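Please read through the structure below; I'll follow up with questions.
Chains here go by letter, A, B, C and D, matching the order in which they are written, and residues are numbered from 1 within each.
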Amino acid sequence: MTLQDILLQQLANGLILGSFYALVALGYTMVYGIIKLLNFAHGDLYMIGAFLGFLVLSVLSPLIGDSWVGIMCSMVLSMIAVGLLGVLIQRIAYQPMLSAPRLSILITALAVSMILSNGVLAFTDGEYLAFSTDLGYEGLEFGNVFITYTQMVLVGAAALLMSALYLFVHRTMYGKAMRAIAIDKDACRLMGIHVNRIIALTFFIGTSLAASAGIMAGAYYGSIHFFMGFVIGLKAFTAAVIGGIGSIPGAMLGGLLLGLLESFGTQIPFIGTEWKDVFSFGILILLLVFKPTGILGRTEIERM
Amino acid sequence: MDRLDSAAPGNGDVAGTGGPLRWLESQKNRLIVLTFLAGLAMFLPLISNNYVLEVMTNVWFYVMLCLGLNIVVGYAGLLDLGYAAFFAVGAYTTGILTSHFGVNFWLTIPAAVLFSICAGVIIGGPTLRLRSDYLAIVTLGFGEIVRIIARNLEITGGASGLIGIEKPSLFGFEISQISHFYYVFLLLACLACFVSYRLQHSRLGRAWQYVREDEDAAEAMGIDRVAIKLYAYVIGAIFGGVAGCFFAAKMTAISPETFMFQQSVLILLGVVLGGMGKIPGVIIGAFALVLFPEVFRDLGSSRILVFAIVMLVIMLYRPEGIWPEKKT
Amino acid sequence: MRKTLMLSAVSGVITSLFLFGQVMAADLKIGIMVPTTGSEATSGKDMENAIKLAAMEINESGGVLGMKIDTMTGDDACDPQQGTAAATKLVSADVAAVVGGYCSGATLPTLKIYGDANVPFVIAAANSTKLIDANMGNAYQINSTGFDQTATAVALFEKQGAEKIAVIHQGDGYSEDLAKLTRDKWTEMGKEVVAYEVVNKGEQDHSALVTRIKSKAPDAVFWTAYYADGALLIKQLRQAGYRNLIAVGDGSNSPKLLEIAGKAAEGVYCFSNPTVDYLPAAKDFHANYKKTFDQEPDAYAALAYDGMKLMADAIERAGSTDQDAIIKALGETTSFTGIAGPVSFTDKNTLARSNFVTLIAKDGKWTLSE
Amino acid sequence: MALLEVKNLGLNFAGLQVIKELSFSVQPGSIASLIGPNGAGKTSVFNCLTGFYKPSSGQIVFDGKQITRKRPYKITRSGMARTFQNLRLFKKMTVLENVMSGMHCRTRTGAIGAILRTGSQKREEAEIKDFCEFCLDFVGILDEKDRTASNLSYGHQRRVEWARALATRPKLLLLDEPAAGLNFDEKQQLIELIKRIRDELSITILLIEHDMGLVMKISEMITVIDYGQKIAQGNAEEVQNDPRVIEAYLGREEDEVA
C-alpha cells in the first residue's frame, strides 16, 4: 500500500466511524439543546437499542431472514421501542428534576445510565452475544482501497436519517417548536406550545437515533455487550462538543470530524493506538477550555 | 465560632422525630452511642478474625476516599467523575518511589501530597471556569488519561503495574499484619472526619456552600469562585492521594485496572447514597459500599445495579440522602 | 430515631459479618479462590464446580488421610482489592490449603497473604509471569506460564515461515505480558516485529488499526488478549483483505470467538491450555461434570479439577496437615498425573513441562492442529 | 475627585446596543440615583459596574483605579457592593451565614488555619460574627439571625441583602430597585435606612429606582437614561423640570400605569 492508499483507506474508515458518532451525538445535542441536560444514559440507550434489535431480529429472522430486510425491520421496531423508553426515562427521572440543582440532575442521569448498563449486565451475565447476520464481505475496490457494500449501506442509512432529522427540525411545526423551546421555555408555554410534549418528542427522536446506531453497529461489528455504550457515549459527547453542543449540524460535523481524527491519529507516529484515547480526550479538554461553544455553537449570554 | 457549632445541633436535629427512640435527640445520648461505636471500632481487632478486619479496613479506606470526594461534590457542588485519578497519583507515587528509588514509605507521603496538589491544579485550573456538566465530562476524561498514562509508561510498570511495594515500618515496628493496617486506616478515617468537619465549619467551608448555592451572588460578595473551587479540588485531591499511598503500602501491588472509571463511580456512590455534604451520611455510604457485597454475596454481581436504583430513588425523593437533614 | 435505626442497621451488619467469618469445625478445610462475581464469574464458577466435583469424588473414595474434604469459596471478583479480602477470609477460616486463582491481577496480591500464613496454594489457571517473582515458596502453578506460551507461539510462526509479525494486546496485565514476551523473543531471534499495538477494551471499530497493520504487511498477526475483542479484530482484518496467518492467545480460547467472528475465523490458530475437549483422559470427568452440574465444562475446569486432586495427593504424601509438610510434598511431586497430564515443578514452582497445545478453527470449531 | 467615574460606557449584546456612550460620576458621600423607564438599561449599567457584564467600550474608574472588565469579586474587594433586583440570597443558609458571606473578602484564614483552629482563626471568626451581627442590627433584623433565609418575609429578606452588602465594608453601595415590592411604611423606613447608611457608616450610595417619589426625596444627584443613553442629569428639581425627561420618561410611565 502506498501512503496515498493508506490515507484514502483511513478516510473511508473515519467516515464510517464518524457516521456512528454523529448519529449518537445528535441525540446528545438535541436533549442538551432543549433542556440543558447532559444525558449520561444516552450511550446506554445505544446499547439497549442494539440488544432490542438483536432480540427482535432473532424473533423475526425465521420469517424474513437476517439479511437487510430483517435488519431494517428490526431496526424500525426497536427504534420505536427505545424511543418510548427514552420518553419514559425522561418522564420518570428527568422531569421532576428540571428545577433541581444541576448537580442533582447530573447524578440522576448517571444513575439512569448505571441502571441501564448494569441491568443488561445482570440479564446477560456479562456475556458477549454474537449478533450474527447474513451480511457479506463483498464490496468495491478502488485501487487498494476496499469498501464493503455493508459499509456503504450503513453510511447511506446514517446520512438518510440525519437529513430526515434536519428536514424535520427545520421544515415542520414540531421542529420550530423544538427550536423555540431551546431558546425560551417559559415564553413557549405562554404561547400555547405543549412544552412537555415537545420535550418528550425530542427524547423520542434523540434516543431512537441512538438506537438505530446501536443496531447498525451490532449488525456491522457482529457482537453486542452491556458495556458497548460507554465508550461510544463518551466519544459522541466529544463529537457533540466539537461541533458545538446544542447545534444539530454541529453534531453531524463533530461526529465526522472525530471519526476522521481518530482514524488519521492512528497513523501519526508516537500517538499510535497506545495513546489514541489520550489524544481524543486531550482534544475534548482543550476545546472545552478554549472554545467551549464548539465550531457551530452559539455563545450563551447568561442574564442576572 | 463555638457558639455557631453548638447552636446548630442544639435546636436543629433529626427530621421525623418521635417514637420510642426519642432519647437519641439529645446531645448527651448521641455522645453515648458515638462512644460505644468508637469503642467497638477501637477494640474490634481483639474480638474478631482477620476477615472482618480486612473488610473493616476496606471500609475505613473508602470512608477516607468518600470524604475526600465529598469535599468536591458535597461541599463545593462540583461533579467529579475522575476521582480515582488522584487516588492513582498517590498510589503510584508511593509505588514508584519505594520500589524504583528505595525511598522510605513515610517520605513518599509528602511527595504524594505534592503530586496530588499538582494534579488537582492541572485538572482544576483550566476547567473550573466551565459549566458544571462540562466539568463532569472533563474530569472523566482526565481520569481516563491518568489511567492510560499509567498503563503505557515503563516506570509505572505498564498494564501489569507495580509489585513488591515495601510495607512501611514505624520506629522499627513493621506494619505488616492486617490488624496493624486496620488501626492505620481507622486513624486515617478519623483524621479525614476531623479535617472535613473543621473545614466545613470554617470560612472556607461557608465559601464552598455560597458558591454551591449561588455562584453569582457569591462572586458579588467578593468570593473568587474559581479559586474557591480549586481549593476544594486540591484538598479533595490530597485526601485521595494520601489514601492512595496507604493503599499501595497495604496491597503491595497496584495496577491500572484498580483506577478505572468504575472506581470513581463507586466512590461517588458512597458520597451520594448517605447524603452529600454530610459527614455521617458519607460514612454510612462508605459502609454500604463495602459491606453490601460481603454480606449479600449472591447479589454481588448486581451490586452496582442495586446501588444505582437506590441512588435514583434518593435523588428523586430524598436528594439530601439517607442521613436526616438538620432543621432550623 | 432514624439515626438509631441507622446505627442498629450498621451494628447488625457488623454482627452478621462476625457470624459470616466464623470458623466452622470441619475435617479438612480447603479454600477455593476464584471469581464468582464480576466480569469473569462464568469461568470462576466453572472452576469452583470442577474443584467441588474433585472433592466429592475424593470424599466418596474415603477422603484424605481419613478426613472428609470441606470446601469454602472466597470470591476474588477478579479484582485485587476483593482478592485480598477473599484471601484473608480463607486464611482467617483456617483452611488447610487453597486451590484456585484465575485472574493473575487478583491473585498477585494474595500471594503475600497466603505466604505470610504459610498456606499451601495450588494456582490452577492464573499464569502471568509476575506471579513467579511474587511467590513466597508456598504456591505452585500447574498451568504453564507465559514463557511456555511464547515458545509455542514463536515455534508456530517460525514453522509457517513468518518473518515479520504484528503483536496486539488489550492493555491489561495478562495480555501485555504475553505480548511483550513474544515481541522480545521474536526480536531476539533477529526477526522483525512490524507492529506492536494496543486495543482499548470495549471499542468496536478497529478499522484504523487494521489499515495500519495491513500497510505494514506482516506475515502473522498475534492477538494476545481475550476472545470478545479478538473476534472483532479478526473479523475486521479479514474484511479488509488481510489473508496471512492470525493467531490468538489462550485468553481467546472460546467457542464465542468463532461464533462472533463467523467465517472470518476459519484457519485462525489458537494456543490453548489443556481443556477438556482435547484431553483423552478427561472423558470421565466430562461426563461427570455434565451430569452433576448440567452444563459443559469451560476452558479451565480440567486444571481446576487437577489442582484439587494434586492437593489431596500432596496431603496424603505429607501424611499430615502440617503446612510445611504439604508444601514440601507439593514441591516433590513427580508421579502425579492428572487429566491434563503429568505434573512436576521447576525450582521456581512452575509446571516443568509446557502444556500448551495449538488449535485451529475449522468449520466453526476449534480442533487440534497438526 | 469623584468616587465613581463612568466614561463613554458602551455595551453590546448580539449586535444590540444596550448602553451607548454613557458617562456619569458619583461624588464621595453622596446619594446618587440612576433612573429611567423599563428596559432603559439601568440594571445593565449595574452589571457592567460590578463586572458581571463585560462592557464593549468605555472606562469605569472607581476610587482612582481602573476596574473596567475586572472580575466581579475583585470589584467587590476594591470596595463596591451591590444588591440584586430579584433577591439572590443563599436560601438554605441562616441569615447570619448569609451576612458572613460579605466578610469573606475581608478575611483570610485558609485551610490550614481552619483545620488547626489557630488563635488567629478563632479571633477572625469572632470578628466576622461581631461585625455581621452589627450589620444585622444596623438594618434591624438581628433577632432573626439564626433563621433560614428563605423563611423570612420579603421585606426582611431584602434587609438581609443589605446587611450582606454592608458586611463587605464597601465604599460605594449599589442598590438595585430597593423599594420594589415594599409598602408605604416600609418605604419610609427604607429612606431612613439609606440616609443612616450614608451618614453613620459614610458609605456612598448609588441606586436604581422606579419609585420617583422616593428618588426625588433622597437623591442629591440623578442621572436619567433612556435606551441606554443619558438624557438628563442634575438634582431632583433640575431633572423634574427637564423637558426631555418629562417627554421621554413620564409619557411612557403613564402608558405603563394604564
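The rule is simple: contacts are C-beta pairs under 8 Å (C-beta built on N, C-alpha and C of every residue); 3 or more make two chains touch, one makes a residue touch a chain.
What you are looking at is a predicted structure, and each value in this text was computed from that prediction instead of being measured.
Enquirer: What is the touch distance from chain A to chain B, in steps?
Expert: Contact-graph shortest path, chain A to chain B, evaluates to 1.
Enquirer: Ranking chain pairs by how many C-beta pairs touch, which one is first?
Expert: Ranked by contacting C-beta pairs, first place goes to B-C.
Enquirer: Which one of the chains is farthest from chain A, going by Cα centres?
Expert: So the chain farthest away from chain A turns out to be D.
Enquirer: Could you say which chain's mean Cα position falls nearest to the mean Cα position of the entire protein shown?
Expert: B
Enquirer: Taking the mean of the CA coordinates per chain, how far is chain B from chain C in Å?
Expert: That gives a centre separation of 34 Å.
Enquirer: Give, as an integer number of Å, the spacing between the C-alpha centres of chain D and chain C.
Expert: 71
Enquirer: Rounded to the nearest whole Å, what is the centre-to-centre distance of chain A and chain D, using the mean of the C-alpha atoms as each centre?
Expert: 48
Enquirer: If you look at chain B, which of its residues touch at least two other chains?
Expert: Where chain B meets two or more other chains at a single residue, that happens at 148, 152, 216, 301.
Enquirer: Which positions in chain C touch two or more other chains at once?
Expert: Residue numbers touching two or more other chains: 38, 41, 198.
Enquirer: Using the touch rule from the top of the page, what residues of chain D touch 2 or more other chains?
Expert: 52, 84
Enquirer: Give the list of chain D residues in touch with chain B in this complex.
Expert: For chain D paired with chain B, touching residues are 50, 52, 71-74, 76-77, 81-82, 84, 88-94, 96-97, 100-102, 104-107, 109-111, 113-115, 117, 121-122, 124-126, 128-129, 146-148, 164, 168.
Enquirer: Quick check: in the complex, which residue numbers of chain B touch chain D?
Expert: Interface residues on chain B, with respect to chain D: 1, 3-4, 7, 11, 194-195, 198-199, 202-207, 209-210, 213-214, 216-225, 231, 235, 328.
Enquirer: Residues of chain B touching chain A in their complex?
Expert: Per the touch definition, chain B meets chain A at residues 73, 77-79, 81, 126-127, 130-134, 136-138, 140-142, 144-145, 148-149, 152, 212, 216, 261, 265, 268, 272, 276, 301-302, 304-305, 307-309, 311-312, 315-316, 319.
Enquirer: Where on chain A does chain C make contact in their complex?
Expert: Listed in rising order, the residues of chain A that touch chain C are 1, 5-6, 9-10, 13-14, 16-17, 20, 125-128, 130, 132, 137, 146, 148, 217, 221-223, 225, 227-228, 230-232, 262-267, 272-274, 276-277.
Enquirer: Can you name the residues of chain C that touch chain A in the complex?
Expert: 38-39, 41-42, 197-200, 202-205, 207-209, 211-212, 214-215, 217, 227-228, 231-232, 235, 238-241, 256, 259-262, 264
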